[in-house]
Amino acid sequence: MIHTLSISDLTVSRGERLLFQGLDLRIQAGEAVVLTGANGAGKTSLLRAIAGLLRPDAGEVAFHDGDGNPLDERLARGRETHFLGHQDGLKTSRTARQELGFQCDWLGHVQCGLDDAVEAFGLAPLLDLEVRRLSAGQRRRLAMGRLVGSPRALWLLDEPMAPLDARWRAVFADQMRRHLDADGLILAAVHDPLPLPARTLDLGGLT
Amino acid sequence: MSRPVDAEPRPPGLRGATRVLLERELDLAWGGGGGPLLACGFFACLTAVLPLAVGGDPRTLSPVAGGIAWLALALASLLSLERLFERDLEDGALDLLALGHLPLESVVLIKALAQWIAVGLPLALTAPVAALALGLPPALIPLTALSALIGGAGFAFTGTLGAALALGAKRGGLLIAVVVLPLFIPPVVFGAGALERAASGQSPGPALAFLTAYVLFAGVIAAFAGAAAVRNAQG
Amino acid sequence: MFGLSNPQRFMAFTGPLTPVLWAVAAVLLAVGTWLSFTVPADYQQGDTVRIMFVHVPAAVWGLGAYSALGVSSFFALVFRHALADAAARAAALPGAAFTALALFTGSLWGQPMWGTWWVWDARLTSVLVLFLFYLGYMALRASIDDEQKGARAAAVLGLVGLINLPIVKFSVDWWNTLHQPASFLTPGSSGLDTVYLPPFLTMLAAYGILFAALWLTAIRTEIRRRRVLTLRARQALEA
Amino acid sequence: MLDLDMTPYAAFVWPAWGVSALVLAALVARAVIASRRWKRELERLEADAPSKAVDAPRPQAAQSAVGQPESPQVARSAIGPQK
């Protein structure tokens, strides 16, 4: 299991534009880090670079287990990392049940915790609806289902709570707390502060 | 120096993940607008228009029946390729696929496999009917179906690669055709050649062997090049 | 590992080389043209033999340019080097033009020899396929808005094309054995009279050097263009 | 001897050579024009931006340019019309 995520000397640019360089960050099990910065400062790109979806210009992203042994990058990402981006990755033509089931099975383990996910985010009434009938907030809750349904140590979250109302924000905060208690790691890009103790990494950026 | 993530949270295993993705891809192919029906309909339309264009004389038609069937097959295989990766890129599902237990190369292969089952298989069943209608000797029907089935896999692999390359392009559908059709030449040559040889009393064996070899080769190329193209589009 | 992979060093090294290449190409073209029209006409093909001196070099270097494109694509993919990508991009247009010329002159050669403008023989068909590969490459490159992504996608295609070209060639040859009545007089294959070697080889070299000059110039232009884009982006940032 | 009498194949030989010459000339012209154009554009930009940083790695250049006192001038010249 991932115990430490360490980023050293990371440089990322998009096209001709340099987003940040020489970035260092270390997150340990049970720890949450909040990523702040202006729009376009590179929050999303940093998360994508950690998830291996974007190739950094320089620097290194490394994963270590509790004994300090390095983990294979591909396996750490393919088995231990959740990435929840702006887009929910849901197919509008399929039902919520099909989509949640696929996401949990694809990312998850032998026993997909579908019921836990349904219970955590109040998805039961949505399950038989096609995704196209769901509101933005409902879709986000459905996408969050995979965080609970297929447990993975590292959560990379990009504005996770943006479409949620106050009630579900509280529910999600609770889930994050549980994840940290279970020695999970969270790195979240947010505009509003997270409702739990977290370090802040400010990417700054032009205003 | 690096060791695998420890084994306690068991992944679903290769077969499990493959099945999960394959089921989803097939569901999307069949569900989303009836891609296979569309391809078969297109195939049938081409077959019907052709005699009207060149004249219905069996003496003109029947020598080229096999070739026409193969051309129509290649064109029909191009349909529905455009949405293969594009929709997953648009809605973010491609990120999800990249973070699964399987490497992206396998994801590309599974998608190609789904394309083959969803589109290639129905087309392989339609091909003998179309070839018959064009005047192909009935004795060649099993060979037509078999070669269309093998060739369909080649079209699926190559087409999947084209779809991955065209990610992020304007008018992807047209672009895929221009990129992929030159790569369709070997399967069309070997597939139609098998029919032609059989029609002239020779053994279609070598042609089928070449066809199969090309399909295997295309699978390997499509996996690696397709994965590289997908990663490029994601980053 | 490549001394020239640094754009600065590349510019410095190729700066004096390019004018030399242009000059050599011009001289060779002039000499080759002179030789081409001073050799006696072929007893069989008559004056049409002179078409060969522009047809075969165009075909050879059309293929050569695609190899350059494919190999550059490989280096662009593996080493992610901007210079290799510039080289792949720069080879596409001259290569496509050479290939188109080979098709056009081949057709003009075929008409008096075969009595038809186009023959589906293996060689002509292969050149046609090569041209289609160029079309696909340029279309892909042009239709992806993000220049970096378009470049990498095109590089993948260039490499795939390079690997596939021999296979397509093989399939076309195989197909040809199936259909070719083999009664044509195939230009070029009937054993070239040694009297035609000087003009032929001169033109072959001339086309090669010309391609090298075009290619290098285009790479240099591409490097400059990218620098300009970078500078403009920087200024936009300041404004 | 220079032999320019192509009968009976003049209709084939001359177009082949003529079109080849035209296409090659067009290729050369295009290459040279593009080369000149970007060369001039680059020289203009490098003269405009007094930054010593043209050859330095991108990031520093961008940052140092932002903070420089003379950046208003740079900005103006960037906006200024330039054909």
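Think of it as A, B, C and D in the order they're written, each chain with its own count starting at 1.
Going forward, contacts are C-beta pairs under 8 Å (C-beta built on N, C-alpha and C of every residue); 3 or more make two chains touch, one makes a residue touch a chain.
Quick caveat, the model's predicted, so the values are computed rather than measured.
Trainee: Going chain by chain, each one touching the next, work out the least steps from chain A to chain B.
Mentor: 1
Trainee: Weigh C-D against A-C on C-beta contact pairs and write down the one with more.
Mentor: Result of the comparison of C-D and A-C: C-D.
Trainee: Rounded to the nearest whole Å, what is the centre-to-centre distance of chain A and chain C, using the mean of the C-alpha atoms as each centre?
Mentor: Between these chains, centre-to-centre, one finds 49 Å.
Trainee: Between chain C and chain D, what distance separates the C-alpha centroids? Give it in angstrom.
Mentor: 21
Trainee: Nearest whole angstrom, what separates the Cα centre of chain B from the Cα centre of chain D?
Mentor: Once rounded, the distance between the two centres reads 43 Å.
Trainee: Mind pulling the chain B residues that touch 2 or more other chains?
Mentor: In chain B, residues 235 touch at least two other chains, as defined above.
Trainee: Could you say which residues in chain A touch two or more other chains, in rising order?
Mentor: 16
Trainee: Residues of chain D touching 2+ other chains?
Mentor: Where chain D meets two or more other chains at a single residue, that happens at 58, 62.
Trainee: Across the complex, what residues on chain B touch chain A?
Mentor: Answer in residue numbers: 1-6, 8-12, 16-17, 20-21, 23-24, 27-28, 31-32, 87-88, 91-103, 231, 234-235.
Trainee: For chain A, which residues count as touching chain B in their complex?
Mentor: Of all residues in chain A, those touching chain B are 1-2, 48, 51-55, 65, 69-83, 85-94, 98, 102-103, 105-110, 151.
Trainee: Help me check something: in the complex, which residues belonging to chain B touch chain C?
Mentor: Contacts found on chain B: 161, 165-172, 175, 178-179, 181-183, 185-186, 189-190, 193, 196-197, 210, 214, 217, 221, 225, 228-229, 232-233, 235.
Trainee: Show me the residue ranges of chain C that touch chain B in the complex, using the header's touch definition.
Mentor: Residues of chain C touching chain B: 77, 129, 132-133, 135-136, 139-140, 143-146, 149-150, 152-153, 156-157, 159-161, 163-164, 167-168, 170-172, 174-175, 178.
Trainee: Show which residues of chain C lie in contact with chain D when the two form their complex.
Mentor: Touching chain D: residues 8, 29, 33-34, 37-38, 40-41, 46-48, 50-51, 54-55, 58, 93-94, 97, 100-101, 104-105, 108-109, 111-112, 210, 214, 217-218, 220-221, 224-225, 227-228, 230-232, 234-239 of chain C.
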